[in-house]
Amino acid sequence: MFGDYSLSDLGAIFAMQGFAGLILFSVYVLMALGLAIIFGQMGVINMAHGEFMILGAYVTWMTSNVFQKYAPWLFPEYFFAAMILAFIASGALGMLVEWALIRHLYKRPLDTLLATWGLSLILQQAYRSIFGAREVGVELPAWMMGSWQATDSIQIPINGMFVMGLTVLITIAVAYVLFWSSWGKQVRAVVQNRVMAGAVGINTEKVDRYTFGLGCGIAGVAGSAFTMIGSTGPTAGQLYIVDTFLVVVFGGAASLLGTIASAFTISQTDSTLEFFMSGSMAKVITLLAIVAILMMRPQGLFALKVRK
Amino acid sequence: MIINSRFFNRSELIGFLTLALLLFVILPLSLDVFRLNLVAKYLTYAFVAIGLVMCWGYGGILSLGQGVFFGLGGYCMAMYLKLEASSVANTKIQSTPGIPDFMDWNQLTQLPFFWKPFHSLPITLAAIILVPAFFSFVIGAAMFKRRVGGVYFAIITQAIAAILTILIVGQQGYTGGINGITDLRTLHGWDIRTDHAKFILYFVEVILLFACIVAAQFIRLTKLGRILVAMREQEDRVRFSGYSVANFKIFAFCAAAVFAAIGGALFTLEVGFMSPSFVGIVPSIEMVIYTAVGGRLSIFGAVYGTLLVNFAKTALSESFPQLWLFGLGALFIGVVLAFPNGLAGIWQDYIQPRIDRLMAARKNPTFKLPDNSVANGAPAE
Amino acid sequence: MRIGHQPKNFLLAVEALTVSFDGFKAVNNLSLYVEENEIRVIIGPNGAGKTTVLDLICGKTKATSGSIQFRGKELTKLKENQIVQAGVGRKFQTPSVFEDLTVFENLEISYPRGRSVFGSLTFQRDKAVKERVEEVAEMIFLKDRLDTYADQLSHGQKQWLEIGMLLIQDPDLLMLDEPVAGMSVNERTKTAELLNRIIKDRSVLVIEHDMKFVEDIAHKVTVLHQGQILSEGSMDHVKTDPKVIEVYLGH
């Protein structure tokens, strides 16, 4: 399949597809980051994670409409407001869900999977009832369109770089919150020994609720980024949930670095292969490779050998 | 052996007879052929649900990829039927006569090699069992030998369901793509589309279903069944009692896969087509909910759960299409939160004690309440 | 020391065994020899690596280096179930029994027959099985509880049940991790009596903190400290060893 291209062509193709994959990478990282917090820290399988992302996408879409209608002079900046609103909306819904549903199931991880799947069905139908079955697209402000001509044959889309930059910032913020802030220490204390954490005065219920909310909120931000690569529909989130779980598992559930590395590997493989073959075959090969690697190395890319 | 080890206890015997009465007598007498065929379609999922009782309920291995095996069984059957429907005489208007129509539309000029064995009915019937058994063995061996289980296993089986769906949809020249394999007509010369054939197929299916129920019950009552339960709780203790835990898990997973494949093959016969929409993530997880609603520990519960959810789905989606997904979602959440042992659990915990008390009171006012905790092989939790 | 020559009468010969977790050597170059019909007690402060040694022998943890010979078989290369089939039984610190099964079924699962998938499909609950289960149930004081689900048993009864499950396996080497921990005084006495009865005709490796109990049963005591053997010998020898006194009392 590479035979028809010269070496410099191939270099350019890899670079271009690589940058084209940036948004996909960002969506994966943000989705997986939220999931890694919820799954890695709390052991909860959130099958409705894609729907939290789509909520963020709908919020972004609504924000863009509102800005266009009532404050067109601010339209170029709407995206920042949209992201914050998406975070708040998804995070708030996440906390509600944790209170109503998840907290009853902490001892039954496989059951959280089923219950959150039920939740995802309800959310999908809710989106369909509220926003309609048709997919909606978001209009980007002018400054985000177009691309930057890096060399003669390499173009980098501006919105890709923008989203990428944001993802880096959010990742750093999450890393800070989880690993260095005192709240992060409380989260880890609760994960390691719930009873003891409660005994030393940590409000474990509150920690659970905010952790789940944070994970869902980040999914909302992923939804904002998602509006740039796909159109938003009621079931669009479902398409991403398996991929995202694979990203998390492939990276090693408890490792932030692993999550990023695996999101990068998967999105880039997918994006690069897509240039050479049909999209569906690229996807099949990418997923098959991940499953095969996971069968050989079930603990994921980054996992410590720990004493059980 | 069946007799001297008490194959069914009292409540299971009641369950067995009630189900037999319902499926062999009441439904065929009370429903027209169209509705009966609908029941037949639902019952094909009951095969999957019984497999999940063994694998998930007893063994604790949650597979979210049973659609893969349902689909493999269904596609094997569909390939045979399609080849029979694509005889040279039937397809002489094609540019390549004698191959399935969708291949012709996709500019294929000869039958792909993996289709060729499906000219033969015996090979097809063997493939319906062996292909899923082989795949489940490979997946199971790769995962369980490396001690992958629980959540990870669920996610990976789900990914496999996604992969197979994308593959089938993407390779339409070889698989019929998103529409699946359609326009199936005869099974070894016997027209499966007539009302008479549907009636007979229904009974064939119910007989096979009871065969699977008996097989599952048999497995459950052997020491292997008890090892599955033991493994779900204390995997290490089983291992240190000298058993290879992985082999037992592989067995449970393969058995569930074979049950699912039989269901899939019957689905193709009953409904007359097979498509990727019965393979992917969504149908696979719906199959899990049938089992969960029926009661993950109860073989009969799985059958009732499948019928109930599907009837509800048909009734709701015919009259209130909007409400169906809300209803299904709520069902998932409700069952998991409030009734983890499903219908069977409700029966065992609430209804049966009342019946017992009623019967006891009528027979003999001083009769002691019998112990019902063994009704389904596990104590009520 | 004994390293260098290997008399045949050792049932278990552990040599230069090392395991490290992320660089931390939980067991460090440990050598240990257990004879036929010997009762060996391992003692040592918390974190000395006692449980890890048992984990290594029964295959729960894989060794980084070193060898474990059991009747001439190299155990480090075998899987857990193969090690059990070779004749090594292991009891865990917390009682691990199958709570969703009855006492009878718990014991029956441990009966050493029909351990393959197809063997267990065709396994018959025949007279030999029933008699053996009843015999063991009587020894572990659970004869009248055969049809009780194990989750109904008390902590001490669960410990006995697990000992019974090992007993029915009839292992040549029995490894017990704190068998009397968490038991009442009465249960403790009964357990000591039980252990004294079952340790005949086999070798036993016990981890225990209860010094009176240790004195009662031990032929020989091994003191572990920081993954290495600090002292080994009779109870009296170990008790007067200055190194042991230093570790136990010096801190």
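Note that the chains take the letters A, B and C in the order they are written out, and that residue 1 is the start of every chain.
Quick note on the criterion: contacts are C-beta pairs under 8 Å (C-beta built on N, C-alpha and C of every residue); 3 or more make two chains touch, one makes a residue touch a chain.
Values in this document were obtained by computation on a predicted structure and should not be read as measured data.
Colleague: If you average the Cα atoms per chain, which one ends up farthest from subunit A?
Modeller: It is C.
Colleague: Tell me which of A-B and B-C has more C-beta pairs in contact.
Modeller: It is A-B, judged by the count of C-beta pairs in contact.
Colleague: How big is the gap, in whole Å, between where the Cα atoms of subunit A centre and where those of subunit C centre?
Modeller: About 48 Å, centre to centre.
Colleague: Would you mind pulling out the distance in Å between where the CA atoms of subunit A average out and where those of subunit B do?
Modeller: 34
Colleague: If you average the Cα atoms of subunit B and of subunit C to get two centres, how far apart are those centres in Å?
Modeller: Roughly 44 Å, centre to centre.
Colleague: Which residues, counting only subunit C, touch subunit B once they are in their complex?
Modeller: Contacts found on subunit C: 58, 60, 79-81, 84-85, 89-90, 92, 96-101, 105-106, 108-110, 112, 114-117, 120-125, 149, 151, 162, 165, 169.
Colleague: In the complex formed with subunit B, which residues of subunit A make contact?
Modeller: 39, 45, 101, 104-105, 108-111, 113-115, 117-122, 124-126, 128-129, 238, 242, 245-246, 249, 278, 280-281, 283-284, 287-288, 290-291, 294-296, 298
Colleague: What residues of subunit B sit close enough to touch subunit C in their complex?
Modeller: That would be residues 1, 5, 219, 222-224, 226-227, 229-230, 232-234, 236-245, 247-248, 251, 373, 378-379 of subunit B.
Colleague: Provide the residue numbers of subunit B that touch subunit A in the complex, in ascending order.
Modeller: 62, 64, 142-143, 146-148, 150-152, 154-156, 158-160, 162-163, 166-167, 169-170, 281-282, 285, 288-289, 292, 322, 324-326, 328-333, 335-337, 340
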